[in-house]
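In the two complexes below, chain A is the common chain; its partner is chain B in one and chain C in the other.
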Partner chain A sequence: MMGKVARKTLLALPLLFTAVFLLLPLGLTVVISFWEKVGLRVVPAFTLRSYAEFFSGVRFAVHERSLLVAAEVTLAGLLFAYPIAYVLALRASRQTTRVVLLLFTIPFLVNHVIRTFSWSYLLSRSGPVNEAVVALGLADRPVDWLLYSDFAVFIGLLTSYMPFMVFPLWLALAGIDRRLVEASWLLGAPPLASFFRITLPLSLPGVFAAVIFGFVGSFGESAVPIILGGTGYQLMGNAITSTLDVINFPLAAAMSSVVVATMLLLLAIWYVAFDLRSFLGKILRWRL
Partner chain B sequence: MASWSSPLGRASAWTLIGVVLAALYLPMVPPLLFSLNDAGPVAALHEPTLHWYAAIWKNGVLVGAVWTSVAAAVIVGLVASTLGLLAAMAVRELKMRRLVLLLILMPLFIPGVSMGLSSALFFRQSGISPSLFTISIVQVLWALPFATLIILTVMATFDPVYLEAAYMHGANRWQAFRDVELPLISPGIIGAATFAMILSFNETERTALVQGALNTVQTYIWSTYKQIGLSPSLYALMSLLILLTLAMVVLFMAAAFWRERLRKSA
Partner chain C sequence: MRVCSMNRRQVLASGLLGGAGLVLDGRFRRTFGQAQTTVNFVDIGVGDPGDWSKYTAKSGASVNLISIGNAPSAILNVLIGGGGSATYDVINIVGGMQKPLVDNNLVDPIDVAKLPNWNKDSYIQEFLKPGSPGFNFIGYNDKVYGVPTVLQGDSFAYLPEATGNLDSYGALFDPKWKGYVALEDNYTTAGQKTALYLKKNNLASIANPDDMTPGEIKTVVDFLIDKKKEGQFRTLWSSFEQAVNLLVSKEVKVLDCWEPMVFAAETKGMKAVYARPKEGYLLWAMAAYVIKNPKRSEEKTKAASELLDFMLGPWYGAKITLLRGYMTNPEAAPYAKSHPEEFPAAQAEKIAAIDAGVKSKFELGGTWQNRWPTHVETYEEEWARFKAV
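Right, the complex of A and B next:
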């Protein structure tokens, strides 16, 4: 037997858990970003020094580069993931879709750090990619820019986060009422026009969710730039960990807060513009 | 894109899927090869040895890391699936469902480093020293959105009519849940627990910032790489993690398949 109050309390447990161990720490991080570093100690204060240091120094260039790289990866991810999700949602049988989606899940489950180590071999001077390039006569000697370069980081980030983007796109596309598309055909719209005026707009909630996943991942990633970028290659993620290595907590907190604020802004836009209903409504029958 | 209904369009779409999947699965191969012979893939195919796998057990730090990983995975599997079940029920029953769901899904939208850093600062300020507890907390946070979504999708296939029937036979809410709904949604709970364990085994960035003196297999690989670079034993560890992850997926699929068959034959 359980009273109503006990039941509500039990149901609130996961919310409490997330509030205490995620929201509170994120808030605390913002607070600490205003604290002062005195020698090796951190003392409560209200100073904008960390932000000034971040926005004026080389680290801000890192921030800009991260934004650019994340945008490129997200765009490329969409270009790959959208057609895949489209085919699965609208042109494949249920059974095939299940199998292919499972195949996309498995690499995501295997730690991307391990997969990134593999890329550092696959793309190396003596690696198989270079061997293939030479064997095919595309170049007469191994190509240098494959590894420890923007290209390598791009590949690493894309393969880490693209699989994740397929799912929201598939969810959104699979939920489109096909009668709408058929109606537009009947009304004489050519297929391409139907796509741009019906299917694409209706799939936007999924597109935006995929953008957030791709962007969050590649903007805050720390292992890929370290492994594939080479010495000194910095993106926001590993810039934060290297700030931590010199025990500058307020600066690390300031940088992290800027990253999190960017993400929450994107999330807020999504929440206001699309609402979860249009997206998760299909898998949850209840009204959200 | 509607032109993809043409045979040519369809063929190119499936080629794209094939190429992308190949690019995603290819990176799982090199660690296996390098773990079998440190001289490289060619040597590995001709003279494979399990030497580096045996060497894992002679390293005390590493054996400790294995146990920490196993303990964390068990805790995360149990806690994340339980909290995921409660969260799914909360989404169904509490007011302001969208906000409830958004809060639960929040960890998906916070980059790993930021989550690790915030947790580390939080534990530091509240005087909680790094331990299996702190590791489990960040990993549960990371696994909870996935666990909740899995259970929610299974719950959505459950027909509330069964609960009505139970109430009409005099069951209270708890009995109806335990005897009617729980057995029917148990595949979702098992799926959530499996997924959570896999995520726990494969987590590096968040764990590395809150582990203190402890190590999991993942963070051991990461910190050893940063200090001295890759070695055959690290490749052996990576291979074990890859194989373990694949084995868990296969086991889970097999279990689901058998359940389905049993249900159909019943």
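Right, the complex of A and C next:
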């Protein structure tokens, strides 16, 4: 009896924390998005003016670009992260896996902004990448588009969020019952067919966890576009900050609400299409 | 023979009582350098001389320094939503924020009669008097709300070895430097300098670059968009380090920036020059405001007022000019020269040179930066259009 009470109390704490520090602010954001701005204050009302301003103005173009860039970065991240996670989970020794996974945590120990600034040095006209390009005769002068360009933002986002994608992928792949793959071989399926019919489908929960990590991070990123982007390159995080500069809380709230709604939609697709419990079950089994 | 009629306990008790008395009347704390009152002073990283002991010795109060960002939103958010009104006493920021601050009841008017150094500051009369554009940096509706702490004029920097001598904002838009120009990501600086350039060279009809109509802002942004499409700009910068790196790495040859960035680039071995444009400068001043707080004690209000006066004083002015490279008050340079024990000759000369340099910028004129123009939301929206193209 006491055990049940203790368990419920323990569960109530994170629930309470989530409600107070996540759901309540999110709810307030949605509510304020319908309010009216009078001077510097926001006045309770119900108006769709902020949404109309967002969808009809240049900021919606930023939203579209953010979606596209986040999708590109996530796809590229998957293409890099999946093979790495596959080798670590199914081919490498336990010791190697530990070392490589530890190496993937190192970027988290360096400040995100400092890491991004280091890219601006590496990719600059006088940086080592351009020096190598000229020295190798690939170009007769430094290449301009390496820095302050869409390419630079892409590299910055990819290197920022790809490490986040390796871990859920490795987790999903490591949790696959190898006897299923072996059974596939025994039944005569070639390695590629075994991968596409057994390994890939069973790792999809990890793929979609990685997609969420990569997509959400890239979509809301604000430091990388500022440091590496070209003239005025913006993603949604920058557009929302810019709106806050003139204390337009309802518009910033409307933009944030649309971003959150987009993310929730992605999460809902994930939840409906794939069994969330099976992925969590794997995590629990692995931990035990 | 007894030399004292009190025993040891009585001596100790008397000592304790005497000590308590000293503490109560404040002399003890002042004697030992401990302040009775603490003024919560919010600053953007410019107004800290590094040593407040002269102020403490004079007023008996101490200063608790709190850092804040300079973006109008950061300031207003802290004061309106962040409980800053109840916590902070004096806020030292780039001025011109009176409209949002006063309209939202966030700052108190300043009784300049209580500031002995006010009338000694001839720069106030010269550059910031009521009716002049500079007054908008410290006053609103004919009342003074801010004490000017530093004054400066901004233009742009260039690398003379690559560009030769440049003396017009036209360099920012000159196809000769295509791809080697960067602007600040700020419509009240880069936008206003562009407006000044267009107006002074009769390239657009702009009545007041410091407070443009929506149509005028659109004209400026259309011009910038054309230049952006031609590939004129390398990037927009938004932090001090970023701007300095652009110069030091020679990523750009012409940079819309602040003068201290040139000083920083020079310390890294770069030969950079801060231009003296024929169109004039983007002039601005920092102002210290007293945060409105009806619950503040009289003692603290007095200490805040004394802090404002201290900031108008010669020692503070000399120290800030030396540390930050901005002009402060006319007493600063003579004070530094006449106090070699505090400011060695080289420092005094540097202070005098900075003071003379900035003063000449104000004499040349230009346009006063407007931190909160009438159509500020249009500025932001148009700037977003420039960036999104």
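Criterion: the second predicted complex is superposed on the first by the 264 of 288 C-alpha atoms of A that agree within 3 Å, B and C clash if a C-alpha of one lies under 4 Å from a C-alpha of the other, contacts with A are read in each partner's own complex, and residues count from 1 in each chain.
Methods note: contacts are C-beta pairs under 8 Å (C-beta built on N, C-alpha and C of every residue); 3 or more make two chains touch, one makes a residue touch a chain.
Note that the coordinates shown come from a computational prediction; the quantities given were computed from them, not determined experimentally.
Colleague: Of chain B and chain C, which one touches more residues of chain A?
Modeller: Touched residues of chain A are more numerous for B.
Colleague: When the two structures are overlaid on chain A, which partner does A:Leu244 contact: first (chain B), second (chain C), both, or neither?
Modeller: both
Colleague: Once chain A of both complexes is superposed, is A:Pro201 in touch with chain B (first), chain C (second), both, or neither?
Modeller: neither
Colleague: Using the superposition on chain A described above, determine whether A:Leu10 touches chain B (first), chain C (second), both, or neither.
Modeller: Touch partner of A:Leu10: chain B, not chain C.
Colleague: Which partner does A:Leu26 contact after superposing on A: first (chain B), second (chain C), both, neither?
Modeller: Touch status of A:Leu26: first partner only.
Colleague: For A:Tyr121, is the partner it touches chain B (first), chain C (second), both, or none of the two (neither)?
Modeller: After superposing on A, A:Tyr121 lies in contact with both chain B and chain C.
Colleague: Examine A:Ile226 and indicate which partner it touches, taking first as chain B and second as chain C; both and neither are also allowed.
Modeller: Both: A:Ile226 reaches chain B and chain C.
Colleague: Once the structures are superposed on A, label A:Val58 by its partner contacts, choosing first (chain B), second (chain C), both or neither.
Modeller: second
Colleague: Looking at chain A, which of its residues have contacts with both chain B and chain C?
Modeller: Looking at chain A, the two contact sets intersect at 117, 121, 226-227, 244.
Colleague: Can you name the residues of chain A that touch chain C in the complex?
Modeller: Touching chain C from chain A are residues 39-41, 57-59, 61-62, 117, 120-121, 124-127, 144, 147-148, 226-227, 229-234, 239, 242-248.
Colleague: Spell out the residues on chain A that touch chain B in their complex, using ranges where they run on.
Modeller: Touching chain B: residues 1-2, 7-8, 10-15, 17-19, 21-26, 28-29, 32, 80, 83-84, 86-87, 91, 100, 102-104, 106-107, 109-111, 113-119, 121-122, 159, 162-163, 191-192, 194-195, 199, 212-213, 216-217, 219-223, 226-227, 237, 240-241, 244, 249, 252-253, 256, 259-260, 263-264, 266-267, 271, 275-277, 280, 283-288 of chain A.
Colleague: Enumerate the contact residues on chain B facing chain A in the complex.
Modeller: 1-5, 10, 13-14, 16-17, 20-21, 23-31, 34, 83-84, 86-87, 89-94, 97-98, 100-104, 106-115, 117-119, 121-122, 125, 137-138, 140-141, 144, 148-149, 152-153, 155-156, 172-174, 195, 198-199, 201-205, 209, 218, 221-222, 225-226, 230, 238, 241-242, 245-246, 249, 253
Colleague: Could you pull out which chain C residues touch chain A in their complex?
Modeller: 71-73, 76-77, 80, 100, 103-104, 179, 183, 185, 228, 233-236, 238, 241-242, 245, 249-251, 376-377, 379-381, 383-389
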